[in-house]
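The following blocks contain the structures, represented as structure tokens.
There are two complexes below, and they share subunit A, which is joined by subunit B in the first and by subunit C in the second.
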Partner chain A sequence: MRSSTFRTGTNMLVFLGPASFFLVCLLLAPIFVDLVVAFTDMAQTIRINEFTTKQFSKLVRASEDAWLGFELRSSFYRALSLSAVYIFFTLAIFNLTFGLILALTTTALPDWLGGVYRAIWLLPRMSPSVVYALMWIWVVDPTERGLLNQVIGVLGFSPINMKLDAPIVLIVTANGFIGASIGMLILTSSIRSIPEHLFFAARADGAGSLSIVRHIVLPALRWPLSYITVFQFLALLVSFEYIFLIMGPARSTMTMAMLAYTKTLAPDIGAGQYAYGAAITLILIVIGVFVALVLYRLANMTRLLMSPRIEVQ
Partner chain B sequence: MANVELRNLTKVWDQVTAVDGINLEIRDGEFLAVLGPSGCGKSTTLFMLAGVYLPSGGDILFDGARVNDVEARSRNVGIVFQSYALYPNMNVLQNIMFPLRFQETRDAAAQAREMAELVQVGELLERRPSQLSGGQQQRVALARALVKQPNLLLLDEPLSNLDATLRLTMRAEIRRITRELAVTTILVTHDQLEATTMADRVVCMNVGRIEQTGTAEDLYLRPDTLFVAGFIGSPPINLIRLQASQRAVLDVPDTAETVGIRPELLHSAETGLPVTVTTVEPMGRETLVTADSDLGPLRFLEATSRPKWSAGDKLHVSFRSQDTIVFDGAGQRMSDLHAAIG
Partner chain C sequence: MKKLVHVAAATLIAASCGTAVPVFAEDVTVKLWSRADRSGPLRAGNIVAAADQLNRILEASGADVRVVIDLIETNARGFDADSLDVLKAHSVGDTPDILVAAHEWIGSFVEAGLAANLEEHIAANEPLYADMIPQLWESVKYKGERYGIPQDSEIRMFFLNNDILRATGKSEEFIAGLPAAVEAGEFTMYDFCDLAAEAVNSGAAKVGWVHRPNVGPDFQMAMASFGIDIYNEDEAKLQVTKKGLVAYYSWLQYCVENGSLPADMTTWSWDSVHAAFRGGDALSKFHGIWNVGAQLESFGVSGAEEYFNLITWIHSPPGEKGGQPKNLSHPIVYVVGDTPNKDLAAMIVALASQHVPNTAHAVGTNHTPINYGQAAMPEFVEKGWALIAGTPMLKHAEFMPNHAKIGQYNAITYQGVQAVETGELSPEEAAELVIDELEVELGDDVIILD
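== the complex of A and B ==
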């Protein structure tokens, strides 16, 4: 009896030990540190003089008229809305819609052609971030040397400066072209796993291509689409590397994640406000957990509602 | 509801020729079974009829009109797949109604309900396919195929996923329903019992070709080829390759290569061919006896549930000459020729 409990114990240690170790060191501990630092005055050095909530009061200010008794300060409000706009459009236009279109079109092509096409879309994900960012910097270069300006120059338009005039469009597009490939891969394999006979049946039943997409393909993609939504939402919420590499610490694209980074670790731009960055990060964590739970709940609802399989006869 | 004709119909995949020049005519309202071993091109033929696969050669004619290039959705063909292929996200009623979405139908729901009643799934309309048993899924698939009143009903091994008892019920059910609706039906199966009990006419296929077309009796008693003789019948026919030693025992034309005799047409007798029993297998009402002889191993059936013989027994077997089937070197039956113990 004792030896079997002992064995269960050692088995757990052996099998779950490494994973638990990484979970604690790389996930729980940083969150805990972040939580503590957010309520301190740590700045420039990693010394703590006092515990305080002043980092949060940098983000909000008391207001008689506001609904909750406080309102967001403009830089924070701006970061929140930029994050929302950036995440929503990247997710909606590229990761979901474009990923879906890519998956639908490439599965309809002959196998080899579909494969080639998909491989091309995977290239940005495979190239190093810096190379990808440099490519975009060249594409949107405001002079005539920029690829975009060369193209529109041929069409007879004068050069544009996307970094100034349409910064959000730029970061949404740059991130989207990378994000679309994940959606494409997951959705492609989901479409592939739909039994061939279902397509045959639908065609024999009189359905055209659009009806087949609507009645056969899309219902089968519900679960992968919700998965992509949750997963990519979280990824976009904390992603800043392409924004930083392409735009630098520009105010026009200062999302929450960018704000946290520039206030703490970014070199040479008034960084080092560790506690302030921690407070912003803490808010990001709370938003992430909350939205993930809500989305997960919504996605899982259909499963919960499905009653068990009954065999009769 | 339609007369169907296949002219030299061919389907070639990358390497394999799945269907190799089939000629066939199906009369209006007929119930035809396509019987053949797995991989012989039955499903491929069916899918070409449905318009899911494009033929590589030859023609498909519905009521005399060539439909090779007519899309699946415009052919008005109902098909039941081996996997049933019910739409998992729709309930039973929605599944049955699905084909009516694409037609101008006045009261789709009422028609679907009526069809559900006909196949006896009227109580299950709200269920999802995953909540149905195999037999129920099968009925729903049948209702979905029939609801648009197709010109042609195609059934691809519809009973192969059911258990033995259910199979018996569904065999009768399918026959009743297709009779009631008088729909031209093609049933594909690798189960000879299914083919012979349900169909007016049976087509026997092998490696993409039609070996023989005829009634169940034709195929059983007068197989055109060695393949048909061997494929149809359980326990299988005795096929005796004629070499010098066999020719010494049998009186048979020189051009013959193989002699076939059904196990139930071979019986123990006072005189005849001497054999030694090797195995005895009681099979319910009958007993299957395997014995060694100068012709090689022979199987014969005795109409008794209590075996008369046991391994090692020596006895004589005999048969009537007109019950033997003789095949030439190419595996073709030589009609009106028979073998006798010489």
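== the complex of A and C ==
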């Protein structure tokens, strides 16, 4: 009996130990560290002199007129708004809609041709981020040397300056082209897993392509679409890499994640306010958890994750 | 064979007893922290050479100590990032003995307990520092005491392309008289923008003028032109005036609206900024004297005569007629860590700050000298004509305050620059935003004067 208990314990340690270790060190510990640092005065050095809530008071100001007795300070409110706009449009236009269109069109093509298209769409994700960002910088260069301006110049339009006049469109597009490929892969895989006889039966019944998409494909994609929405929302919420590489620390694209980065680690823009950045990041974590739970509920993800009632052989 | 061994042993014993030179000297490792920087490889190199010199002195004196320099060369993108890195290293007990840094970080280093007070060292070694240009000492002071040794000096200014001025229709007399007009307070910041717009409108320039595309010291001289004195030395606090900020941002807005300053300037890359001026597209750029080397190369000119035929230097003009022109010097300094090796490290720094090694750095990288006597050295006279020409400009020079939060201050005032230039906010709104941010983020460290 004792031997059996010992073996169970050993097995747990061997099989779950490494996973638990990584779970704690890589996932839980950073959140815990962030939580602690957010309530300190850590700046420039990594020493803690006092525990305080003053980092959060930098984000709000007292206001007698406000409902809760405080209002968001303009830079924080602006960062929240820009994050919402950036995430919504990247998610809606590219990660979901464009990913779906790519999946539908490439699965409708002959296998080899669809494969080629998908491979091309994966190129941005496979490129090093600095190279990808550099390409965008060249594309949207405001002078006539920029690729975009060369193209619209041929069409007879005067040069445009996206970094100045449409910065959000720029970062949504640049991030969207990368995000679309993930949606494309997941949705392609889901479309492929729909039993072929359903398509044959629909065709035999006289259904057209659009009807097949509407009545057979889209219902089968409900779960993958829900998953992509939750997953990509969380990814976009904390993403700043391409924004920083393409736009630098510009006010026009200072999302929450960018704000946290510029206050802590970004070079040449007043970084070193580690506790302040941690407070912003903590708010991002709270928003992420809250929105993920809401989406989880709205999309009824529990059903996706529960065990099937009937085992289909 | 046995006899030979005995002779050798006897010789060794005799040698070790009969001379002052020890057989085994103790190595003292001095940690030198310096970022790998193309604009000044000898900042670290001179310390290494000074350590060699010191070792020869130690050897001659029979001391049983030798210095070994452990060079920690970082790849930080700039001095700000590097200073944050060294502060982090310091806070986990890894404090360097010597540090190459931008002077405005001295306040942070002192507050963190990293920098050693050098007043006693400087007083005790007065002959080694007696020729130092006195104004430069201001750059290493924190609360009245010196915590560093100036490593180099420079002067920041507005560079103007004379060929573009000629193509705009300006006479040689006008061009030659510009520095004096600025000096006399007759040529203002607004005149400068009008001139740049005229160059653009006449087709002589594609861009009127360009400034740095990120947070940095250059903006301080433009702010100073509009009467913003950013440091209260008595209280050792940063300060700002709303009136001054509105005037400064109004000028930037005016420059954007008259077409002399690109509205997206703050999103440019450094390469584009350099290329705009060095490529002959922009009439003017404000930056530091060390640009002269690259300008000579880009414009294909050599020597003082050819250079000054092509480029005019002016201070940052006054904000209004009759005002004072301003410019900025941004010295790089040696900071000695408050470590057990601080006395030895300070002596190495003293040796590295002498005329010959510092001239090798200054002439090689187009930085102005730290000692008066350097300007008379043959190497300086022959190759340092630009630096000799720039040195008189130092009389209008300001330094960045050595305050721990100057980096944050600059980052916040730069937000106003971004907001006004891109048209997001009016100068008044930008000034309000900046003051609000300064109050919240800097708290008691900033004084709002109006």
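The working rule: the second predicted complex is superposed on the first by the 301 of 313 C-alpha atoms of A that agree within 3 Å, B and C clash if a C-alpha of one lies under 4 Å from a C-alpha of the other, contacts with A are read in each partner's own complex, and residues count from 1 in each chain.
By definition in this document, contacts are C-beta pairs under 8 Å (C-beta built on N, C-alpha and C of every residue); 3 or more make two chains touch, one makes a residue touch a chain.
Since the model is a prediction, treat every value here as computed from it, not as a measurement.
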Which superposed partner A:8 touches (first subunit B, second subunit C, both, neither): neither
Which superposed partner A:75 touches (first subunit B, second subunit C, both, neither): second
Which superposed partner A:201 touches (first subunit B, second subunit C, both, neither): first
Partner chain(s) touched by A:219 [first = subunit B, second = subunit C, both, neither]: first
Subunit B versus subunit C as contact partner of A:20, first or second or both or neither: neither
First (subunit B), second (subunit C), both or neither touched by A:211: first
Touched partner set for A:273, first subunit B, second subunit C, both or neither: second
Subunit B residues touching subunit A - in the complex, by the definition given at the top: 47, 50-52, 71-75, 77-79, 81-83, 85, 87-90, 98-99, 101-103, 128, 130-133, 135-136, 144, 148, 166
Footprint of subunit C on subunit A - complex, ascending: 44-47, 58, 61, 73-75, 137, 142, 161, 163-164, 247-252, 262, 267-273, 276
Residue ranges of subunit A in contact with subunit B within the complex: 195, 197-198, 200-208, 211, 215-216, 219-220, 306-307, 309-313
Subunit C - residues contacting subunit A, complex: 76-78, 80-81, 84, 87-88, 90-92, 108, 112, 213-216, 263-264, 266-267, 269, 404, 407-408, 410-412, 414-415, 418-419, 422, 424, 433, 436-437, 440-441
